[in-house]
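Both complexes below contain chain A, partnered by chain B and then by chain C.
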Partner chain A sequence: MAAPAVAPPTARPAVGAHRRRRSLGGDRRRAAYLMLAPAVLHLAWWIGIPTVATFVLAFTRYDILAGTMSWAGLDNFVAIFRDPLWWKAIGNTVVYTFFTVPVAMAVAVVIAVLLNTKLRARAWYRTAVFMPHITATVAIALVWMWMFEPNIGLFNWVLSLFGVRGPAWTSDPAWAMTSVILMSVWKGIGLKMVIYLAALQGIPSDLYEAAEIDGAGPVRRFFAITLPLLGPATFFVLVISLIDSFQVFEQFYVLTPEGGPANATTVMTYEIYKSAFQRFDMSTASAQSMVLFAFLLVLTIVGRRFTGRDDVA
Partner chain B sequence: MTNRHRSALRAVAAAAAGLVVLAACGGPAPDRGGDGAVSGEISLLTPIFERADGAAVLEEQLAAFKQKYPGVTVKPDYTSYSKLNEKLTTSIASGQPYDVMLMGVGWIPPFAEKGVLADLQQDPAQLATRYYEGAVDPGVFQGKVYGLPIMMDTRIGIYRKDLFAQAGITEPPKNFAELREYGKRLTQRGPDGKLLVAGLDVLGIDPRQAFLTLLWAAGGELFNPDGSPAFNSPAGVKALQTMTDVIQTDRSEEVGWTVPNSPTGNVMAQGRAAMLVGHHNFWTAIEREAPDLIAQDKLGFFVIQDERPAIFQGGTLATVAAQSKAPAAAKALAEFLASEGPALAANQQRGNIPALKSLETSEFVQQNKAIQFAMQHFDAVHSEGGVPAWLDVRDKFKPAIESAMLGQKSPQQALDDLAAETSAALAGR
Partner chain C sequence: MSLESAVVQPAPASGASGPGRVGGAPRPGRIVLHAVLILLSLLMVAPFVWMVLTSLKSHAEVMSYPPTILPSVWQWVNYPDALAFAPFGTYFRNSLVIAVSHTVINVVLAAMAGYALARLPFRGRSVLLMLVLATMMIPTFTKIVPQYLLAKTMPLFGGNDFLGRGGSGWLDSWWGLIVPGAVTPLAIFLFRQFYLSLPRELEEAGRLDGLGEFGIFARVMTPLMKPAIATVALITFENSWNNFVWPLIVTRSVDLRVIQVGLAAFQQTDATLWEYMMAGTVLATVPMIVLFLFTQRYFVQGFATAGIK
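Entry: the complex of A and B
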């Protein structure tokens, strides 16, 4: 048999070519490391070290002013779970999350579907819905404080037109949480709407056309096509919303300062803030942060199972 | 995972742990002393001199300081009282505390006890010849002076003279019974029962400050000499019961009628309150929002009293970090800020009460009747705090007081629960 005219594909390359390729690969690797380095450094410095520090401090008695530290084992965790206020903060956080995440997601889907149709001035509506998301929370909270003012505020004025005497929104423990939830739902819809809008535009139109030919109405099409195909977006929105709502701080801090009336709006992040910066108790704050972290981890896993989308992240 | 990767991870973990320990151990280091020369670059953390106009005032004063001490450069860091804790904590934890820190009343014992503050080597008795004694005391811990007073602020009774006259009341209340009775008489409601004018506003300032004012007036104390809680005494219960009755029984005010630092403005300027327990800088707000009330002499002041007259006193003091790299320069700046010129400028900017007796005759004080009134009654002032654990428990007062005022707990129960929480916090130190 005659020798082949060209080397078979499996043949080893010449030594020089191999070196060139390795060299090229090395260059690429170096370039990749170089480009990744800022992000890795940022992660290590701003996320990694604080995370490790928080974990370590949670098991110590650290006096930040005196600069002393001793091993505490699980004492900090035992102490926080014996504190009724911490349980109240957990309860308030769960209530806030329960009413903000699903409600805001449902409203966001509806708005996204509406704004995905052919409307006049559609871009203006989209901008208007998104605007609260990019406005400073503190500024928004201050405006809402005005609107919630019981005597000269907008809400109670509107209610008075219907003969209803409005509550002392942020000062009454029965209404303080509702006030923050209202504002948060309004503020949070914009981002969710944009994500849903992007996902909606990725759904092939021929699916709708086929369903229409099969006689499916708009509601049926929404539940049979739109909602299932929004699954990955729903998972993403759910996870970021849960994390957001468990980490909520600013609107509570401004709208109902110092935990609201009789701790009615004390949430986990506010308790952590108070432990760290008002009581200078970094160890307790670290233990509380670990609990918050555990909550977020569990919720993320549950959210992943709930949406049944292990292939998305 | 390869061994190489594992060892790299181990190295990172070790470095992180090392950094954590280093960061965690970054509290007060041994005093570096300094060469005693009034020179060097020092940092100043200030919660006063707010906004652009406040910064302009401080810059002007620092220029004067520079003329006096050309070798010293001051780097100010402006913050608010609400962010002061964070700034102090992070700077101390990092091992680089501000050289000069302006702090509030009640803050000195917690920081001095931990060795954060430098002993200013002053004699309290000698200071009391220049400053009001009530202003000197909050800067003293275990007989040593750690803070020099710059300004004081008070919580006093403020009332509308015209509304008093309409209700046939000729004198401010002399005890809690009169306070409540006048509150009821001054309250105005519409035909539908809607509150139009609150007879007595006890919700417009921090509930802790309102409660403490009444606690001291009722003859009570915040802590016993041994540092244990004393605020749940019969006097404390009487004070909180009075606040609760104003809302629940007398209905001289309603929850939500006013809130501290409300963005909707001054309730007295709006004619929505006839009498209140308020901050003396109410005067400055009225000057701005309703100057006619001042021109027509419609505002009056009184000391809250029952068993004794009592004025709640807050304030701002200049302290020096024990770790300061330029202690002489830092001490010079603290003394400068507490001296006549800078103190007057700071007080004018904030509408507060100068701690220096010599400033009582200043034009600023002479034009402000609220400040004059407070200064005339300075012997009735009481300061919160006094124990090293004060900052551990201070934030627990508001929800406890509110729980009683909202009818969730009886005053006795609310204060007993608060005392138990306070005792636990003190024991945990």
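Entry: the complex of A and C
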């Protein structure tokens, strides 16, 4: 674009020697906008708009085939809360969380404390514990499915060595949830352990030395020093674990397809998936998503209050 | 380059190398400790070992009871056979293409955005940062329905008119697989944190040398960020490679399946061919494990910096 001869009114008089300084702020601002534009537009389009849209869709009747939309008010919410299966899904999600999160946390903190001593090969132990975290949930769930196989699988064979007749695991309504919980505990320990390990590095060793001089044994030291000082880390681990747990999907999808035997393992995410992508009822799915979102929001806020820190710091 | 060196943060103030029993426990305690840790490690690794062993047994041996631990004959031929039986090779390639695309796009775009948020002054910077952090906390299932609708109604793609009606848009296409998840707020945030740590003098030296803002970003600051780039690249690659829900809902055709979706589909149709399925899971997990074993430090750095995944 050819510049007009008239200087823009905001331009300062000095050219030449002062040019660099004059334009510095503007250059940097322009550079900032250019550098931000692709990423910010992407996030706005693929996360910003969808988040708002879910909220809107939840209050409408949207027909994906006809492309029509009408206001529904609270109808979708009334409908899902009249649906016993949705209550079952909420219940199953809570049960799953209640048994997975504390167990994995307890195991993780014990391993972290054991690994925080100076040991030969401790890098190997840490790697072994962390490995499940970085591998794909779907692939790993298939391996567990194979271990859970009732007739020729590893678990029931090992149990038979002790004279125990193992259950049908994933296909038995009484055991399906337990099966998924077992796998999830195994998979979830690694990340929690790494966060605990990082927190343990911050506990000053003179506390332990003093306690040792006072004659406190390892168990006493753990409960009197380690556990209290791990308080903030524990809350942090708890919050991220709860949030992850409410969003769990893959292991349920693979280990117990179709929501499990007698809906024993239908969780909230699975119901959302079914509403949206099997029945193509986007409005119901959005209302269900909003309920899940509300749970997560409350957990996040409560967690932040207790941990006194930002989730992402 | 071990997990150890990454978790041990810059030497603690007390100066001791670890707050545990610094002097070392008495011998018997040590042996018990090792025994417990070895047992735990074995429990963690056992499923991986069982996966590999199963993938190398004959079908008859897999189906026999009681199970054998080691294959009586090592059936390496299971791998080519599995690839011939189900298109695991195609799935693998698709996953690789998508994970590499995501990694490249995310590193480039998120580095620029993170740099601007960390080092360039502009109006609304703190508001924008808060917004990026907020998008990080939006759960997958809160946005997935409209994301799907956005992909489906992408104008002028997949037979859609210019209003996005009539066709399938980006569904069942490379566009739909790659573009929506290409930029992650986590990567922007990580880059911002890393760029914040660089000294201001460098930036000013670049400016004195007459470099523009892009020059300073690309030629002065970013070359110092190799560990940060490695961290973001690995986390992006891992998340992309392991992603399941999005590829599951946007693709229909077998040619576009990623390996995780392909495995789940294989399970639903051929659930008794465990040796092939385990060969497939080896293909799906081993690349990540190998990558992880060589680059643990960067993975852990990423988790420690971000706190959350």
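Basically, the second predicted complex is superposed on the first by the 255 of 313 C-alpha atoms of A that agree within 3 Å, B and C clash if a C-alpha of one lies under 4 Å from a C-alpha of the other, contacts with A are read in each partner's own complex, and residues count from 1 in each chain.
As a working rule, a residue touches a chain if its C-beta (ideal position, glycine included) is under 8 Å from a C-beta of that chain, and two chains touch if they have at least 3 such contacts.
Nothing here was measured: the structure is a model prediction, and the numbers come from that model.
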Simultaneous placement of chain C and chain B on chain A, clash or fit: clash
First (chain B), second (chain C), both or neither touched by A:65: first
First, second, both or neither for A:53, with chain B first and chain C second: both
Partner chain(s) touched by A:230 [first = chain B, second = chain C, both, neither]: neither
Touched partner set for A:277, first chain B, second chain C, both or neither: both
More chain A residues in contact - chain B or chain C: C
Chain B versus chain C as contact partner of A:124, first or second or both or neither: second
First, second, both or neither for A:261, with chain B first and chain C second: first
Partner chain(s) touched by A:151 [first = chain B, second = chain C, both, neither]: both
Which superposed partner A:167 touches (first chain B, second chain C, both, neither): first
First (chain B), second (chain C), both or neither touched by A:36: second
Chain A positions touched by chain B in one structure and by chain C in the second: 48-49, 53, 57, 64, 67, 142, 145-146, 149, 151-153, 257, 276-277, 282
Touch list for chain A against partner chain B, complex: 44, 48-49, 52-53, 56-57, 60, 62-69, 79, 142, 145-146, 149-153, 165, 167-173, 257-259, 261-263, 266, 274, 276-282
Residues of chain A defined as touching chain C within the complex: 24-25, 27-33, 35-36, 38-40, 42-43, 45-51, 53-54, 57, 64, 67, 111, 113-119, 121-132, 134-140, 142-147, 149, 151-154, 157, 160, 186, 189-191, 194-195, 197-198, 200-209, 212, 218, 236, 240, 243-244, 246-247, 249-250, 253-254, 257, 268-269, 272-273, 276-277, 282, 285-286, 289-290, 292-293, 296, 300, 310-313
Residue ranges of chain B in contact with chain A within the complex: 12-13, 16-17, 19-21, 23-29, 85-86, 89, 92-93, 110-111, 114-116, 194, 203, 254-257, 259-264, 272, 391-392, 394-395, 398-399, 402-403, 406, 408, 425, 428
Complex interface listing, chain C residues touching chain A: 2-4, 7-9, 12-14, 16-22, 24-25, 29-30, 33-34, 36-38, 40-41, 43-45, 47-48, 50-51, 54, 62-67, 109-110, 112-113, 115-117, 120-123, 125, 128, 131-133, 135-150, 165, 179-183, 185, 188-189, 207, 212-214, 217, 238, 241-242, 244-245, 249, 259-261, 263-264, 267-268, 274, 277-278, 280-281, 284-285, 288-289, 292-293, 296, 299-300, 303-304, 306-309
